[in-house]
Amino acid sequence: MNYKRIPYDIDKIKIPQGEIHIIKNRCKGCGFCVEYCPRDVLEMSDEFNAMGYHPPRVKNPENCVNCGLCEMLCPDFAIWSTLKPDCRQASKKKSAEDEKEAKIES
Amino acid sequence: MKANPRDVHTGAYYIDGDVAAAEGALAAGCKFLGGYPITPSTEAAEAFARRAPEVGAIFIQMEDELGSISAVLGASWAGKKALTITSGPGYSLMMENIGLGAALETPFVIINIQRGGPSTGLPTRTGQADMMQTRWGSHGDYEVIAISPDSPQESFEFTVKAFNLAERYRVPVMLMSDECVGHMTEKVVIPPASEIEVETRRYYDGPKDKYLPFKPDKNLVPPMVKAGDGYKLYITGLTHDEKGYPILNQNLNTRRLVDKIRLNADKIIETKEERLDDAEVIVVSYGITSRVAIRAIEQARKIGIKVGSLRLITVWPFPDKKIVELAKKVKGFVVPEINYGQIVFEVERCSHGNANVILVPHGGGSVHNPDDILGAIKQVAREKKRSEGIIEYKTGLEHLVFDQNKGSRPDLSG
Amino acid sequence: MNPGTYNLTGNQACAEGALSSGCRLLGYYPIVPSIEVIERFSKRCPEVGATLIQMEDEISALAAVLGASWTGKKSMTVTSGPGLSLMMEHVGLGVMLETPCVIVDIQRSGPSEGIPNSPGQGDMMQARWGSHGDYEIIALSPNSPQEMFDLTIKAFNLSERYRTPVLIMSDECVGHMTEKVIIPEASKIEIEPRKYYGGPKNKYLPFEWSQDFVPPIVDIGKGYKFHVTGLTHDDKGYPIMNEVCQELNVHRLINKIRLNAPQIIEIEEDKIEDAEVVVVSYGITSRVALNAIQEARKNGIKVGSLRLITVWPFPEKIITKLAKKIKAFVVPEINYGQIVFEVERCSHGNTNTVFVSHKATQVYDSDNILYAIEQGVKEKEIKEKIIEYNK
Amino acid sequence: MIKKEDHHPMESLLRMDRIPHIWCPGCGIGTTVTAFIVALEKLKLDFNKVCVVSGIGCTGRVAGYINLDSFHTTHGRAIPFATGIKLGNPELKVVVFSGDGDLISIGGNHFIHAARRNIDLTVICVNNFIYAMTGGQVAPTTPLTAYTTTSPYGNFELPSNVPQLAESAGAVYVARWTALHIRRLTNSIIEALQKPGFSVVEVISPCAMYYSRINRLGDGIDMMKFYHENSVIKHNEPTENLDIDYQKEIIVGKFINRERPTFTDSYNDWLVTEKKAQSKSMI
Amino acid sequence: MEIRFAGFGGQGIIRSGIIVGRAASIYDNKFATMNQSFGPEARGGACSSELIVSESRILYPYVTKPDVLIAMSQEAYEKFKPNLKKDGILIIDTDLVKLKKAGKLFSIPATRFAEELGNRIIANVVMLGFFTALTKVVSVEAMKKTIPESVPSRFVELNLKAFDKGFNYETEMVKSRGSPPDVDPPRAENF
């Protein structure tokens, strides 16, 4: 297919913005998060952590959409993402609206 | 007979006790290893597996320890010198088939690289707590032979010895090594094949129809045949007669299983004695502990205590007579063991109240501090009166126990 | 079961004893001569709401029993020699996890398959030493169906009190013997409750140090989120693998039994006061020995009986004390020497130890014991090893 | 799962006093644990009623890191231990977390019989093709020709096909994923936990230290890339096609989902009918 | 002479002990007993190997007060430092051990060098080169004979390169200082 359908409510959707948290000293430098981040947010750093490994570093923070794949793939519970505070407000509001709608529909 | 040059890797090596034991097995002509991975014995199986094709041996990693010892029994009846290598938990699983091995009078060797116990315990650290299990671990009455090395060099030599004893007496022989010896790396000199004495299996050579698998010779050991030689063997783990047929009488054969070892004990037992002539105190030890004890003995001699060493190379059968004799001459025995009392009970039994017996216990995880052994030697030398029962030497770790008793959490960082 | 007087085999009495003490799970694998325990238990299962499972082997049978015990159910397994050998690894696990449970061993002749349908006492040392590593254990030895009932209850009580597996070392003869068994009213049966932890949930330590060395226990599913492991562990149950932790662990596991031995040990003495010879026996042999003792008394020999109801921990001090007063111990056993070594050890060269070995496949001819008693009295000097008289 | 900036979201279900864990860099067991924790969170189970049992080996250590009632038992005996727990208290959800050697080799007999009886357990089998805890010996799942320390000239024993074994023994739910299929794996664990009866989820996991090193397959990440390129999702594929060849295509998916009465159900049925029939005949 | 190599599993700590021990016992014809202690983890766990080199038979197989401590991780440094003999030699990996206070010690960025040479796995051999030059417990010749025997054949060259790298680093250090590396007396408590 050579065209993409543009969602009719594209203007209403706000792409979520995520924030990456890394506990460097828990990391064993396996590189799963860097390799499989779909939006190329991370890269390996040069520094050594306390265990002598190279932990990841956030390269393109603006690219993160809080998909949580790094968090799921990390075997060492060292990385996770959260919604950026401003997005959180929006999503809370949105979910409240959704709930309202759902109630009306039922 | 001498070893086959093909089996022997003559030379000087820097290898650990596990690998040395595997080399020893190969040098003794072992052609079958049924194993299952368990820390800290795995290096031996790995070394055997690497060398197996070269000497025409078979290595099979079975599905568990029950499987591996059963395979070993089978291989032995097929005419191969057979071996299994394990550690405590695997050893416990083998208990049923050790009984079968003893009942079927099957020659094979078990190398047990002991670790801290009970249960899963301390996989990567040392212990000597399977000593009584070796003697008593399977149900019913039986006797086995156990020998205990104190260095990689001895791991090599004693494995050869173990195979020789197994073949001579048609009995399971245990090489009771431990993690410390197994993982200790030292120079091991493997002599040329012409210098290694190897016992061959004593096969029956009479007429085929007259063969009785459990008819003993004057040493109480029956000659053996192997499966596939046309003897139409029937052997069973049920109590059996000379033909191997099940009978309902224990006395014929079961008694002999015990006597075979008990009555030949003098020929089997090997000890190493040092400075016993003038000794007032004797340190009775085995395996790695005997090596550590020498340091304490030297220190004690320096301060004028007349102390000697009796090292049990053969732990089972236990050198009853030796201890009985020595007990009459000395003030006391010091028994350091990496457990809370096993062989010390035997020493107490054989000393017949003629000497004090002091246990230097150690929970496991490392070897004794020689100072503890020295302390125990001093305590025995000081002791005026004969005490009833075993005296337990208070080692340095006691304070931890009191800490816990008071309710405060001791420092467990080690 | 309704209180009353019944005619039961030892094995059936054992099943009744287990049910009376609240045992609600039996994991087993069929082996002669222990089957009747299971049959009885299975019949009574629906009535009391107990669970019975035939596992695929003895290894898993004891594993399932240990698992079930942690859910708060009193559990037991029943086996014989070959099965007990297979269970050895899990006896160690039971000790390490301090899991209360009862293992009934209906001993048969050994080694290996031996003679399945004949009695033996060849597993006595195995009970104490059969698993790898350092541990101590409790073992009881009944000599009648009535005792199979009573001691099964006692075994459950001890296992709950000391948080340890307890072995009942019965044998084929007692197991298959049919006799009168009196089952008392429930209110008359003393049941040791499990020592549960009562403090705050987040403070629970499964292997906490306590004065009597026995830490309190909790059930799975109550929100304590505890972890236990067969590895050397600290009081939290987390594996800490160094010699300090090992020392603490082993020290406590061993001394839990050794220091509590005076409370655990139960013996039965008979005519000991004036005795020159004491017959030390346990299980079925102790009954046969009584015959010989009566005969000997008739012949004017001053002989007494010391019967070990608790075989492990071994009553060392009692033997040591007696040894100084008498001429000989006579130890009949249906094996080629096990407990006799312990008797020899504890007598410290103060007396002779006479061993009456197992003559045939059946239990003793009491004549043999009588002969040993007679010879034992005659012996003038103390021998340096165990003496064996065989008629 | 509440996400905060200063705490990893899974911390409430982990024993944080024991992290970092012992698994090597690039190992897939930690990832599998993540999937399991997310599955538990999504299911909104009462965590007090879930317990984890494991045997010996690298995967055997999982029990020690999950903050639930957890048991680290002997080698190969996690399933019978779990069986005891389930029978002792049928309310509990019992999860067995173990490796391939532990479950299929030494515990093979128990695996077959628990599946046959259909004990209500969820078995998560982390398959890394090797005994890693003891230093890289040949496992019942080691593919043909792969090197291990005890097959130093290449493995020649035919390996087990875990899903086929589970199916033929009677398991009611069988799925296989790699440690990379993290979301699908999570969904399968959710389904397995909900399914009454013996359910098996096999997780193909990289062993970066032993399996990949001795076979020169690179690091954990290289093995993950290999899974990425060579795994094919085929739901409901007949399990006899699920053999894994050395460095060939790996078929993953959900293969079996069927109904059989569980042990506890049958037992209770039996108990009720039996009790009625027998209540009067008891002497 | 008691030597302790300590660090994480996977750094070649045990291999180091074996190489030096083999060099000393086979080629230098001394007695050498190597013992290891490690946790269950293959990588990342605390790991140490203990080597005793002596002219006579070694009885007690463990190191109690090492003369040389080679620490390749912070944890190893903190755990084993207190046991180092008073005038003992401490060698650390510059990047992996951070000292709170400065003191007399020898430091080499072994892991960084190894990564430069192409594989961090040979950091231990870099360390061994440095160790050999510094302590002279074993001879260079013995080490050069031992290393090729102790590593896979395809890595022999790389390992020898790593050994030289460490060895030369030490000799350069000496050159720059103009005197052999002096072992400063009892200030061990200072760091």
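Letters A, B, C, D and E mark the chains as written, and numbering starts fresh at 1 in each.
Rule of thumb we're sticking to: a contact is a pair of C-beta atoms (placed from the backbone, for glycine too) under 8 Å apart; a residue touches a chain by one contact, two chains touch by 3 or more.
Note that the coordinates shown come from a computational prediction; the quantities given were computed from them, not determined experimentally.
Undergrad: Treat touching chains as neighbours: how many steps, at the fewest, connect chain B to chain E?
TA: 1
Undergrad: Indicate the lowest number of steps between chain A and chain B, counting one step per move to a touching chain.
TA: Minimum number of steps from chain A to chain B: 2.
Undergrad: If you average the C-alpha positions per chain, which one ends up nearest the average over all of them?
TA: Checking distances from each chain centre to the full centroid gives B.
Undergrad: Given the contact rule stated at the top, which pair of chains has the most C-beta pairs in contact?
TA: B-C
Undergrad: Measure off the straight-line distance from the CA centroid of chain B to the CA centroid of chain D, and report it in whole Å.
TA: Centres of chain B and chain D (C-alpha means) sit 38 Å apart.
Undergrad: How far is the middle of chain A from the middle of chain D, if each middle is the mean of its Cα atoms, in Å?
TA: Measuring from centre to centre gives 28 Å for this pair.
Undergrad: Centroid from C-alpha atoms only, then distance chain A to chain C, rounded to Å. What do you get?
TA: Centre-to-centre distance between chain A and chain C: 61 Å.
Undergrad: Two or more other chains in contact with one residue: find those residues in chain B.
TA: 39, 89, 119-120, 123-125, 366
Undergrad: Could you check chain D for residues that touch two or more other chains and list them?
TA: Residues 20, 23-25, 72, 74, 133, 135 of chain D each touch two or more of the other chains.
Undergrad: Quick check: what residues of chain E touch more than one other chain, meaning two or more?
TA: 39-40, 43-44 - these are the residues of chain E that touch more than one other chain.
Undergrad: For a test of understanding, state which residues of chain D touch chain B in their complex under the given definition.
TA: Contacts found on chain D: 56, 72, 74-76, 101, 105-106, 108, 131, 133-135, 137-138, 140, 149-153.
Undergrad: Inside the complex, what are the residues of chain E that reach chain B?
TA: Per the stated touch rule, the residues are 17-18, 21-22, 25-26, 31-40, 58-62.
Undergrad: Would you tell me which residues of chain B are touching chain C in their complex?
TA: Against chain C, the touching part of chain B is residues 66, 88-89, 91-93, 95-96, 99-100, 102-104, 114, 116-125, 127, 129-130, 132-133, 135-142, 236-239, 248-251, 254-255, 257-258, 320, 324, 339-340, 342, 345-346, 348-349, 351-354, 362-366, 388-389, 397, 400-401, 404-405, 407, 409-414.
Undergrad: Looking at the complex, which residues from chain A come into contact with chain D?
TA: For this pair, the touching residues of chain A are 19, 21, 23, 25-26, 28-32, 35-36, 51, 53, 69, 71-78, 80-83.
Undergrad: Okay, in this complex, where on chain D does chain E touch?
TA: For this pair, the touching residues of chain D are 20, 22-25, 61, 132-133, 135, 209-210.
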